[in-house]
Each structure stands twice: as structure tokens, then as C-alpha cells.
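Next up, some structures in C-alpha cells.
Two complexes, one shared chain (chain A), two partners (chain B, chain C).
Up next, the complex of A and B:
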């Protein structure tokens, strides 16, 4: 029952947030300088052409009708057509999504595992020097933006033959080996932040748990350090580490934009960047909505998992 | 009061040194004229141009100094705006609760649902690329987290006995907020402000890198990194110079933030982003 109420509340608030996000994006697109007709037809169109286009897109309808129409079609999977190529945006997004998904999964899964292991190691280290080193290293890791690390990686791997290719993406289905050779480098660039962010959070979480009285009890009982870590620390530290997944998702959705742009990968991110330089608002609108929806969804899943793991949540409320 | 530890202090010292260097360079022309063509194009670092020259033959060092100034100033202005707005909203929402709290938190939730660069892209679509777009993006990206954290701190403080006793003894709202709530959330604001500054520099860099932030010929670290990426295989120093400065600036701000946070409360852990 507790879990049911908790889940229902969480689902409701995610839906509410998504509604807010859609209103914000819709509003932003309506505020666009110049208005829709000018953006589509350019500044030289005649007033009649503009009036005709405005009418044909339903832009004379009340604003609420327009919004309802947009939401209705967007949820049906129709994001309209690109203002530049006139191709359906949804089809293009669909063909590009696998690239972005592969990129994010290839950096997120190894990144979180390595980061969590490192974080535990840093936290349980006794020596102050090792701890200080770990602190600087993990702070450095989250201070390395992908546009700097990526640039250096591109330079090193294109200048010296180090085995991985820069660019030259082919779909995994066509040629798995070439695909991986092209994807490992961009994924590693993204993984730098994932590893450090996870390590930092894990370190803090484990340190917090290590201060708990039940750890002192376990130590005084003579339990071995490893058994303490396994039985008392990991379980209790799991929640903050799980929550870092939402930070990582947010980072990956944004970082993918920059890495795809830098490595010339045909993903959703490079599509949106291309669209914004061409003022292709239909694509920008769809891309931003998709990113926000994915992020809201991940946050909701993380919260639901935390609710399952932590029996305290949802009781007091 | 505990002092900052060594790592955090070195971060602070580095940051101050960087600011002083940028200001001195701006005032005295130290490092040379950023606009002047001093030598061959894309020359590697040498005694006359310490960080090499760019595609027009301009020395990179003065441009990096200028760009650092732009990036730091722009992020600082944005974070200051964020701090003012987030503190006002957070304190009011946390202390007053009720409908105000609900509205503020829902709006913050919505803003928080956009990954930083994605939100910045949306802003850049609305505002023409440039300084305004960069500042507006940083403000919108940093406001949600700061408001949330300040609100949580204000909420905790508002249940303390001294606040209750102030209310009972007839203190009006501005006095309660100004004398009792604000001083007690100031530390939180400082820590979050530090982290926000590093996020600001990151966002400016990313936005300018994509060509949506500061526009050339104006220099910012992001603009210089973006230019460096174009000539990467011929002139890697064009990326390395501004890249290293950017990373060191963000790193020093982050360790300073960590130090402030540990000083404020050695046990709580609110990490970056």
C-alpha cells in the first residue's frame, strides 16, 4: 500500500512536470522573434503569403486550441515537419535515436560501475594522503568538460595511429567492429564525467554511512572491514549512488550534444545543433521536448527504485 | 570557526591569482595586444608568443587572458543574479510554505527537467547568440538547484526555537527573514554559488563551443576552444591554452566549493550538479 501510494504520487508529479515542460517549450516557440510565418517564409514574403500560412497552420486559433493540438499530435508521435528539409521530424529522430542511445549506454554502464568501485576505495582508505589525492582526482574529473577532453582525444587519435578511429561512424548492424572502433572514443570522453561524478557521490555516501553508530558497533564487535562494507555500508550507501543516476542522465543528454557535434556522429544531439544554426524550430522543439521527457522519465524511475529500496520513504508523509 | 583546508585554500589562491592576472593584463596590456598580428599563422609556442599564434597570426596568450576575463565576468554576473533570485525565492518559499511554496517548487521542477546544455540551447533559440544568451542560459540553468537547496535550508531554520521566539516577541516578517533566516542560509548560498560559478563557466564554454554563446571576434574561453578545435591537427596549442585555463579555473572553484561545504557541515554532502 505504501509503495502504491508512493508510486502514484511520483507518477502524478512526473506527469505534472512534463505538462509544465511542454507549456514552457510551447511558450518559448510562440515568443520566437519574428513570428512563425517570418521564420518559415523568410523576411521577403508578402503579407498575403504570411496570412495564408498563418491560417493554414492554425495560428489564428485561440492559444489553448493550438497548444492542445500540438500536444495531441506530439503524443501521437507526430512532431511536424522540418522547416528546412520538409521531412517528418519524428522519422529523422527515430533513425538518429539509436546512435545517441548506444553512445550514452556505452559510457553510462561502465562509467557508473567503475565510478562506484573507485568511490568506495577512496572512502575506505585510511591514509590522509590517499584521501586527498582521491579528492583532487575526483574533483578534477568533474572539471574536465567534454569539449576539452574530446578535442585532446581527437588530436591524439587522429595524429597518432592509436587503434581507434575518429569519426567514420557506421551503424552497428552493418559492421559491428567498425562501429565500435568509432564509438569507443566518444563514449570514453563522456565516461570521464560519469566515472568522476559517480565516484564523488559514492565517496560521500560511504563516508556518511561510516559515521553512523552501527558501524562503530560493528567495528567494536570485531567484524572484518570487508564484511562491514558489504553488510552495512553498501546497502545504506546505495540510495545516494542510485540518485546520481539522474545527474548522470542529465549530463549525458547534454554531453551527447557536444560529443556528437565534435565526433560527427549522426545522433539526436548533432541534429538539434544543426537545426538551431539553421533556425529549424520544429526540430529544436521536438529535440528539447524529447530530452526533457527522457530526463523526467529517468528521474521517476530512480525515485521509484529508491522507494522500493528504502522502506522509510513515503511513510512519514 | 574552522579554517579552509589546504586543498580548498590553494583553489582560492589560484582563482584570485587568475583574476588578478586578467585584470592586470587588461589594465597594463601585459602579454601584448590581443588584436595585433605578431607573427606567422598557427606558429607553435615560442619566446615571442608563449601560447603560439592563431589562424590570423595573433598571439594566443593575450586572447586567452581576455577570454578568461570574459568567461569569468559573464559567469560571475549570471551567478550573482541567480544567487539573488534563488535566495529570495528559496527563503520565501521555505519560510512561508503554502501556495507560494507550491508554485515556486513546481516552476523549479520544470526548469530542473532540462539538462543544462539543452536548456541553454532553448534559450539560445529565443535570444540571439551572444553575451545575453550566455548570461540568460547560465541563470536559468543554475536557478533550480540553488532555489531548492536554499529553500530546504530555510525550511529547517524556520522551525528553530529562536525563530519562533522572534515571532512571539512580535518581530515582523522582514525582520524575521533578515535577522534570523538569511544569516543562517548564507553559508548554503555561498557553497551553492561556488558550484554555480563552475557550472556557469562550463555552460558558457559549451554554448560558445557550439557557436551559440559569445560570438567571435569577442574572445571567451569557449570561443577560443571552439576556434582551437577547428585547427586541432595543425595547431593543438590553440585548444590546450584556453582548455587548460578553463579546466584549472573550474577545478579550483570546485575544490573551493568542497572546502566551504565541509566547513559548513562536515557531514552533509551535496555534490556538484
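Up next, the complex of A and C:
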């Protein structure tokens, strides 16, 4: 029952957040300088042509009417057509979402698992050398931008035959082997950040837990270090790790733009960025709304998990 | 005779980022089997360090400079990790100051107890023995759903489940309400007596000590300065610090008499104290006290660290 009430409140606040996001995106797109007609028709088009184009997309209506219309159709899953290519936005996003999802899963799941394991090892190891090495490596991993890691990977793997292909994406359904060969490299590039961020957070969380009095108590009872980590540390240190993992995942779900560009992947990120440069309102609005929805959803799942992990939050009885 | 606990000339420093702090400056204490000893002293006197050392539980920042700790004749310093864990499991029990913090917040009490004691008997019985009224409910509860007194009873049940030979209780009632305190202490002492468990009670609550512990050891500046039968130490203290301590206890003064506080502050040592650590606050201090370390002197079944003990100054 408590769980139900809790979920209902969270769902309601998620819906409210999404509504706010939609207003923000809609407003922001209209504030961008350089009208749509100028971008499409070029600076030499006649005023009549521009007026006609603008009117045909309903861009002369009051902004509230435009917004209401957008939201109404969006509820039915219709995000309109691209102002540039005239293709339905929903279909295009739908075909690109699997690429982004695959990239996210392939980098986030192994990345979080490896990062958490490394973080625990670094924290539990008493040796200062291993700890210092871990700190340097994770600082490097977090601060190296994707285009640097990606650039190096592209160079190495295209210059020397190292077994993985650079680019050459095909959908998983068509040819799983080729698909995986093309996805491993971009996923690994993203995973560098995921591993480092997770490892750092895990290390700090574990070190914090290790200073808790209940750990001393467990030691005083003669429990072995492994038993202490397994029974007391993992669960208590999980919360900050989950929060970071979810933030990273949600960020990846929004589209890893640079990696998609570098490896020529037809994902959501590159699609939306391209649309921004072309003032393709419909695509940007739908793309950002999708990213926001995924972000909110991920956070909701993590909130629920955190509530289940920590009984003090009173989610489960 | 093998002592239950034998701490000999223990010197422990804490290594901080910018300096060392000496917590134990040559502390010695012995306990016989089944004996209940109160270790009394102000915060910073080193009693918690001594208590932790009894289970080799000192934090990584602690540096054991010299001296030795033995439990039932077995020196702890050289033991393998596996062996020290076995000693902790079978011979030692610890109860700490923060009862709720000592329990894993994410685990139900029943599971924690099962984890702590393995399959040594029924958890329900253990909880009943520490006089918890509704053991079933306590087992289902998470730590934050318990009161401090209940949580401390759980801690005591866990610490005593293996019937250890020595229980180190580090201010076990400092965080509890005054009515609950007596009750919790009574429970600990009754259970320990029944199992033949010796108790080392670390406290600054002298009134709790006087009724329960047969012996008391007074710590000051990282050393045990007076050690003897509780009643005698409290009624006729030999060390000036013990005397001052005894005068500061409400129950120990006659009606209308002023409670005395000890002038000055306890020392923070960074290295070996040159003389007696109490000299700076002592009304009877002379040159020798400031420059020469006092050695243990046996007087009437007591051990005292004071240069002027023979003169009977306090």
C-alpha cells in the first residue's frame, strides 16, 4: 500500500516535470534567432514565399495555440513532421531510438558493474599505491572528453587492424555479428567515462560506510572482511552509486552526440543536433522531450530502488 | 596464573595529517577471569584506545609503538588475521556507545543477529535474555524503529551470544536516558555473571561503577594512575587525580558541601610525558613530578602512579 501511494506521487510529479519541460522546450525554440523560413528558403526568398511557408506550418498562430496543438497530438504519439524532410518525426525517432538504447546499454551496464567492482577494490585495499593509482586513473577517465578518447580509438582501430570495425553500423536485426563489431568500440569509448565515474563514487561511498560504527561492530564480532563487504557495505554504499549510475545512463539515453558522430551511428543525438542547426522545431521538441522523459523515468526507477534499499525512507514496510 | 586480559606498558600514537597524538603513554592493566573492572577517566584519557586495543580494533591511524596486549595469555599483536577473528568471535565481545549506529541500518534485527551469531541457538531466546519484551517485533524491526535502550539491548545480546570470556563495554549507556541506564547495566552485569564473562566497563559515570564493579582503574594522560578495589579507591583515593575525581561526583559529597571541579584541562600529549601527566593540575606537585616519570607502586593491594604516594599527600 505504501509502495502504491509512493509510486502514485512519484508518477504525478514526473508528469508535472515533463509538462514543465515541454513548455520550456517549446518556448526556447521560439526564442532562437533566425526564423525557420530564412533557414529553409535562404536569405534571397521573397517575403510572400516566406509568409506562405510560415502560414502552412501554422507558425502564425498565437504561441499558446501552437503549444496546445503540439501537446494534444503528442499525447497521441504524433510529433508532426520534420520541417526539413517532411518525414514523420515519431517514425524517425522510433528508428533511431534502438541505436541509442543499444549504445547506452552496452556502455552503461558493463561500465557500472566494472566501475563498482573497481571502486570496492580500491576502497578495501589498504595499500596506498593501488589507491593512488586508482585515483589518478579515475580522475583521468572522468576528465578526458569523449572526442579525445573517441579520436584515439578511431585512429588506433582504423590505422591498425585490431579486430574491431570503426563505423559500418548495421541494425542488429539485419546482421548481429557485424552490428556488435561496429558497436563495441563506441560503447567502450563511452564506458571509459561510466567506469571512472562509477568507480570514484563507489570508492567514496564504500570508504564512508567503512567508517560507520556498525562496521567496527561487525569487525569486533570477528566477521571476515569479505563477509562485511557482502553483508554490510554493498547495500549501504549502493545508494550514491545508483544515483550516479542513473544520471550517467540517463545522460547517455539523451544521445551521446559526439560518439554518434565519430562512429557514424544513426542515433537520437546526432538527429536532434542536426535539427537544431536547421531550426527543425518539430524534431528538436520531440527529441528533447524524449530525452527528458527517459531521464525522468530512469530517476524514478532509481528513487524506487533507493527507497527499497534504505528502510529509513519508509517506502516499504 | 593466566590473566584474562594483560595490557603491559602499552604505548599508542594516533598519526594525524600534521602531528602525532599520544593516546596511551605506557598503560598497564590486568584482569582475572570473570572479574568486572571499571576503567574510569575523562574523554581523551585513553580508555577507549585501551578498550579497542583489547580486540586489536584500533583504527589504521593508530601506531602501536611498544608494549603488549594478551588475552588469556595469547599476545594479540602477532596473531594472523584469521586467528584474531577467531579470538574476537569466541573470546571477546564488544558493546559500543552509539547503540543505533552500531547496527546496520538496512538490515532487520533478526537477520543481523543471525549473521552475527551463526546458528548458536534461538535469536528469540537471546532477545528475551536481554529483557526485550516483544522479541518477535524487535526481530522484524529495522534499527531506526528501535529506541536507544532497545537497540543497546540488541547490541548486548549480539555481543554476549557466544558467551565470550571478556566483554568490553565502551560507555554503553552514555547515549541512553537515565532511567534506562541502570536497567541496561543491570542486564549486562547479570548476564555476564551468569556466563562467567569478565567485564571491562569504560565509563566516566562513577556512580554506576561503585555498585557494580569490584575493581576500578583510573586513567589519566594515557596511563592507569590508580587501580584497586572500587570501594577503597573511591573512599580513600591515593592518587591526587582520583581524589579530585571522587570529590566531583554528586553522590560522594556530604549535603551542603561543594562539588569540586578539577582546575585546568587534561593534557594532549604528542610524545612521552616527561614526568607525571597530572603534575600541571596537581596541588601537590614538586619538581620530581614534572621531570621524572612515576613508576607503579603497590600500596595496600592497590597500584598507584604517584611520586608522593608514600607521603600520603592526597
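By definition in this document, the second predicted complex is superposed on the first by the 272 of 317 C-alpha atoms of A that agree within 3 Å, B and C clash if a C-alpha of one lies under 4 Å from a C-alpha of the other, contacts with A are read in each partner's own complex, and residues count from 1 in each chain.
We take it that a residue touches a chain if its C-beta (ideal position, glycine included) is under 8 Å from a C-beta of that chain, and two chains touch if they have at least 3 such contacts.
All values reported here derive from a predicted model rather than from experimental measurement.
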### Task
Look at where chain B and chain C land on chain A after superposing the complexes, then choose clash or fit.
fit
### Query
Does chain B (first) or chain C (second) touch A:292, or do both, or does neither?
first
### Query
Looking at the overlay, does A:68 come into contact with chain B only (first), chain C only (second), both, or neither?
neither
### Message
For A:20 in the superposed arrangement: first (chain B), second (chain C), both or neither?
### Response
first
### Query
Once the shared chain is lined up, is A:105 touching chain B (first), chain C (second), both, or neither of them?
neither
### Message
Going by the contact rule stated at the top, is it chain B or chain C that touches a larger number of residues on chain A?
### Response
B
### Message
So in the superposed three-chain picture, is A:272 touching just chain B, just chain C, both, or none of them (first/second/both/neither)?
### Response
first
### Task
Determine the nearest approach in Å between the Cα atoms of chain B and those of chain C after overlaying the two structures.
8
### Query
Hey, what residues of chain A end up touching chain B and chain C alike?
none
### Message
Taking the touch rule as given, give the residues of chain C at its contact with chain A in the complex, in rising order.
### Response
55, 57, 60, 84-90, 92-94, 96, 98, 101-107, 115-116, 142, 144, 155, 158-159
### Task
Please give the residue numbers of chain A that touch chain C in the complex, ascending.
126, 212-214, 216-224, 227, 231-232, 235-236, 309-312
### Query
Where on chain A does chain B make contact in their complex?
13, 16-18, 20-21, 24-25, 28, 31-33, 132, 135-136, 139-140, 142-145, 147-148, 151-152, 154-155, 158-159, 197, 200-201, 204-205, 207-208, 211, 240, 247, 249-251, 253-255, 257-258, 261-262, 272-273, 276-277, 281, 284, 287-288, 291-292, 295-296, 299
## Note on the structure
chain B residues touching chain A in their complex are 6-7, 106-107, 109-111, 113-118, 121-122, 124-126, 128, 198, 202, 205-206, 209-212, 222, 225-226, 228-229, 232-233, 236, 239-240, 243, 246-247, 250-251, 254-255, 258, 267, 269, 271-273
